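Both complexes below contain chain A, partnered by chain B and then by chain C.
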Partner chain A sequence: MNKMVTDIAVEMPTGLVQPEQENIDGIEYPKQTIGTPLLESSKMSMRNVDVFYGDKQAIFNVNVDIGQHEVIAMIGPSGCGKSTFIRSINRMNDTVESCKVTGQLTLDGEDIYSTKMDPVALRARVGMVFQKPNPFPKSIYDNVAYGPRLHGLASRRAELDEIVETSLTRAGLWAEVKDRLDQPGTGLSGGQQQRLCIARAIAISPEVILMDEPCSALDPIATAKIEELIAELSQNYTIAIVTHSMQQAARVSHRTAYFHLGRLVEVNETEKVFTAPEHQLTEAYITGRFG
Partner chain B sequence: MQTANLLIVLLILSAVAYYMARGRSVAQAQPLGGIRHLHSLPFFYGMRAAIWCALPSLLLLAAWLLFDEPIISSLLIGGLPENLQPNSAAEHNLLLNSIENIASGALSAETSAPALVAAAESLRDLRSSGTNLVTAAVLSLSVLGMGWGWVKVSPILRARQQVERVFRGILLSCACVAIFTTLGILLSVLFESFRFFQAVPATEFLIGTEWSPQMAIRSDQVGSSGSFGAIPLFVGTLLISFIAMVVAVPVGLMSAIYLAEYASPRLRGIAKPTLEVLAGIPTVVYGFFAALTVAPFIRQTGEGFGLQVSSESALAAGLVMGVMIIPFISSLADDVINAVPQSLRDGSLGLGATRSETIKKVIFPAALPGIVGGVLLAVSRAIGETMIVVMAAGLAAKLTANPLDTVTTVTVQIVTLLVGDQEFDSPKTLAAFALGLMLFVVTLVLNFVALRVVKKYREQYD
Partner chain C sequence: MTNLNKSRAEQIQSSLAKRYRAEKRFQMYGYAAIAFGLLCVVILFTDIVSKGYKAFGQTYIQLEVTYDASTLGITDVNDSQQLALADFHGIVKKALKSRFTDVSGRKAKRDLYGLISNGAGYTLRDRLVANPELLNQTETLWLVADDDIDTYYKSIGSDAGAFTGRMSEQRQGWVDQLVESNDVEMRVNRNFFTQGDSREPELAGIRGAAMGSLFTLIITLALSFPIGVAAAVYLEEFAPCNRWTDLIEVNINNLAAVPSIIFGLLGLAIFINFFHVPRSVPVVGGLVLTLMTLPTIIISSRAAIKAVPPSIREAAIGVGASPMQVVLHHVLPLAMPGMLTGAIIGMAQALGETAPLLMIGMVAFIVDVPGGFTDPATVLPVQIFLWADSPERAFVEKTSAAIMVLLAFLILMNTLAVILRKRLERRWL
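Now for the complex of A and B:
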């Protein structure tokens, strides 16, 4: 990879902005994330975030904001720390024994990693959809009702029915499953399972939804449905999506963040990232030179 | 030649066959440009020759060892004069025995009938000529096989396929050993039980409530008939197994949940092997622990409360049996819980569930079929467990559900019926087979159901 990057540096088109660079292991990184990582008003903000697995550092000094009702896509080559980063946002990394997160991460100004913050309550506010559809081995109804029951969101059966119906409707699954709510969620197709997982996540009305490569296990048609769904959900929710598909990032997101080997290289309006990337690493990635 | 010597010679011959055929295949490959022009590797050519050398002659030898006795004895009996021909099977065996004894010198030849002495003479002749004949046949067959294996070596010979087919056959026959042994045991138990049920009606055995298998020798004595109602034994077995499961299931499950979900890897690394050491303790040790420590303790404690406690209470045996089964359940449940995919845990935690909510509502239900399977396997172990109950439970067949009372179990009765010198045609000893059959059927059904449940569960996530 190092060699490739040197090639790129040679081919660099003139006229691109050349900010202050630092050279780490032969790769030129910008000293500060290029573009518009920070916003004036934000739903979540991350400052000086480092993540370690034991002695190994996976994320280096990331600074970024996520705006209210914004879809932000995180792209980058495999192993660049995208998943690690979003799993830090709702403290899913707590379950990994050796993982340590430092820096300041806030949700509506509240420190996510302070001792006062209960990770359980946090995860109810910051929901998550995983790479592989993971419906519980329960009925479709019970899958969606799982969260609301946990958090006591419905006192009567009718209320619960309503939550289940609206969540499934929003996830675009209601029409397909309304006659077989009592059947196991594991019996649905892959795409339906993933939409069920999205319905399950929105049933507890989270403020932010994190999606970790939600379409990587799905066929193109199911992917298209999920992408439509993301566009609709962005009216009510703040969404951070990790994806390997640049087309997907281009289609669904407002802003795009490019990670490279644990460093956040560039954050910009999605259109800008894909038409006029400011940093040569971003440019190399989106033109398919690595990844 | 003796069989053992013959086997050693065969081994040497097949080793020779291996090296000769292997060498020949390599030599044949040389002009073609190396062994990659052979159909199979040289090993397979050598192996094929070794198999041809050893297998047919081994089969011949085995056939001889199986059938030499019947052939020789029928020749002997056939050679006897008309007036000595046996009338019954018993007489036939007796006759053979005395011929055998004369031949070996245990019976004096002078006092025996001349026809028998002659028969003994011919027995010795037959034996030695038979052995010589078979040695010659086996050796020539193996040399022939060796030659065949050597001659057939050629670059196009499909030696690998042939050798692998033979090895597959050997694997298959090994698998069959276990199955046929089980079948054989089942059949023998079945036949003996059938004889028992000819003496004692099945209805009495299955629904009778009185068990006293001791039969008097003469029919005019007290208790001459014996009674074979097995219900008290089954109730006793179930009572002790129930107590054992009451101890083992909750403790085993909870320790499994702790180990699988909460324990740090370091603690788990220590605790799990420790728990499994418990499973390695011989049950006889548990047995005297139950009889000498637990039973007196329960008796004293119970009497402290003013209860009447038998010194061989079902409670003591059940408790210790439960402790014995804990590692079994815990280890099985731990495996099942670990097999629940991490993605389900993540999914639940990601919805804001706590760890314990995740365990109760997602992991436990997902693992339940496997846990049920494990518990059923444990039940069948408890029912079949013998040593602890022999030492700690009583012998009196009482029909009671009181855990402080003494009860006896099916396995204990089988042991007491068969310990010591017994005649094998009285209902008393045959009853052991009937009990064994019941035990066999019950545990078989339980294991079958349990394994089906476990298997069904496994399919869900694979």
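Now for the complex of A and C:
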């Protein structure tokens, strides 16, 4: 587990002393994110991140770190900006014309939004799994092999075969599909499709995997499999997962971040968030008063 | 309370019955509409086919022909200059004269010689060139009958009675004599499929127009499909959203509704008068039809691109595909069936287009079958227009036959499109 820091970059409140609040539209937000959003050493760090869609601001001054091989869950009511935030981490929002991201986002100290950073190269390092399983209408093999082929990761067919096999094995899908790799990926069940998408994401060996509600379209059994998979993957990958399900956040993540209407209210160790939330908004959400 | 409930249930029942009746009615409207459409198609096809099928047959008359060197006026069969000047129609006349010996008088003789088509002379020349030993020999040959005879012979025994326009009783008598001696025969009209246009209906063929259409469409497809798809991809995937792209979009949509003759005028002004592209050739026809089909192709291609699920794009971007790769690997293959449909609709439109081609001189009377993109040519619909305008009775059936060929062309193209689409279509999600 990564060490938390309390005194770098942004001054953080300590203990249970109620931090300074500001009232926006009748809601009391903490002036700075409560808990331990920042780490001593981090894989990715986000500072003063604002995201705008045209004139509308979707994310307000978010500061958070993601540690190496950590699973961080992002929870919050619908429309709170967690998906927007996660999509700005690998510049998926570049495709949305009106979207503007300001602030500093770094991956291993490199500025993600600098002109030197190639978004294509970035996405090879920061993979993404989407809400709805979205395999390509190609064979299972080609789905997984697509990324490695794009990035020239395999020079020979045998190498590619190996990448496909390890990726599918890691995604827990190999046993189920090894005899029908040439069949369309879209013919699999929903849960299998989502694991195929995870296999596709890890086939290019990203350093970070972003998951945007990966289980929201799946049944409980498929969900359980994906959650197991996340736990296993966290040994090798850094994972940020957006989820609607608090139970899921509690089961899979090390730290949990609570977003409320575009503001990052609280980040703490998962256990703490769900047993002793520090901010009343977090508490209201996890006790089910809204969301 | 129970009473009230019951009456509510009854109310629902009766309203249900009403709804079902309305649904039934609606269904009937649909059936009626489709039945009406089918009926019209059937009537159209029956009319065209019943009028046109006879054009695929041609009346032939059997004659004993002597390749008389003195009548022909040649001495050497291998001398092409002599052959070109030789009077082959003269030996046809002689053959007719010896068949009907009792004909006298200038007018009667002219009528008699008119039994056989002017084209028969060329048939005889070709035979003599191929078999030089036939000179001064006699052989029995089937020769193409004149269109008046053809029309008359075909109409014998029809409900309306034989068509005797331009057929004097004397001529009818000759034909009847020939029929009696089994010297008249219907044969497959090979001229119709192998020749270009002609003033003589019995010699006129559709091949010139069909080849003209083919060359024109090849140009149109080769230009409008890549340009249209490229424009659609740019507008859908890469163009920024601003007033310029809005303006372009509005203009494209408007262009799709511009009367086609305007494109003809544009082609005349720009391609012919400014760029000096030769007139009446498939190249200029293809260019004009490209202008006309581009909006159709762009609009349908954009719709096809829009229909590609955004999740596929996201997936590709998510594994690090560049925007170009997203388009080439995912968007285009998935949109291709829709784009092809649009292209085929555009091509079908172009195939049936007459008005703009009139402006660029493709309405000319062209006898030679075009052999390339820069040979003067006409196209199928223009040929239909020209034949429908011709006074000879025999052109009526030619017109219908040409329509059949045009329809066959269309059906062929559509079938091809359906097959291509089926092969390219892939299921997703």
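Throughout what follows, the second predicted complex is superposed on the first by the 274 of 291 C-alpha atoms of A that agree within 3 Å, B and C clash if a C-alpha of one lies under 4 Å from a C-alpha of the other, contacts with A are read in each partner's own complex, and residues count from 1 in each chain.
Going forward, a residue touches a chain if its C-beta (ideal position, glycine included) is under 8 Å from a C-beta of that chain, and two chains touch if they have at least 3 such contacts.
Just so you know, these numbers come straight off a predicted model, no measurement behind them.
After superposition onto chain A, the partners chain B and chain C occupy overlapping space and clash. After overlaying the two complexes on the shared chain, residue contacts for A:H151 are found with chain B and with chain C alike. Applying the stated contact rule after C-alpha superposition, one finds that A:A201 touches each of chain B and chain C. Applying the stated contact rule after C-alpha superposition, one finds that A:K132 touches each of chain B and chain C. Here chain C runs into chain B after the superposition, and of 116-124, 134-142 or 170-178 the stretch doing so is 116-124. Across the superposed pair, chain B and chain C both touch chain A at residues 90, 92, 95, 97, 120-121, 123-124, 127-128, 130, 132, 134-137, 146-147, 150-151, 186, 197, 200-201, 204. Contacts from chain A toward chain C in the complex involve residues 90, 92, 95, 97, 120-121, 123-124, 127-130, 132, 134-137, 146-147, 150-151, 184, 186, 197, 200-201, 203-204.
In the complex of the two chains, the chain A residues touching chain B come out as 90, 92, 95, 97, 120-125, 127-128, 130, 132, 134-138, 146-147, 150-151, 186, 197, 200-201, 204.
The touching residues of chain C, when paired with chain A in their complex, are 240-241, 309, 311-322, 325, 329-330, 334, 426-429.
Considering their complex, residues 264-265, 341, 343-354, 357, 361-362, 365-366, 460 of chain B touch chain A.
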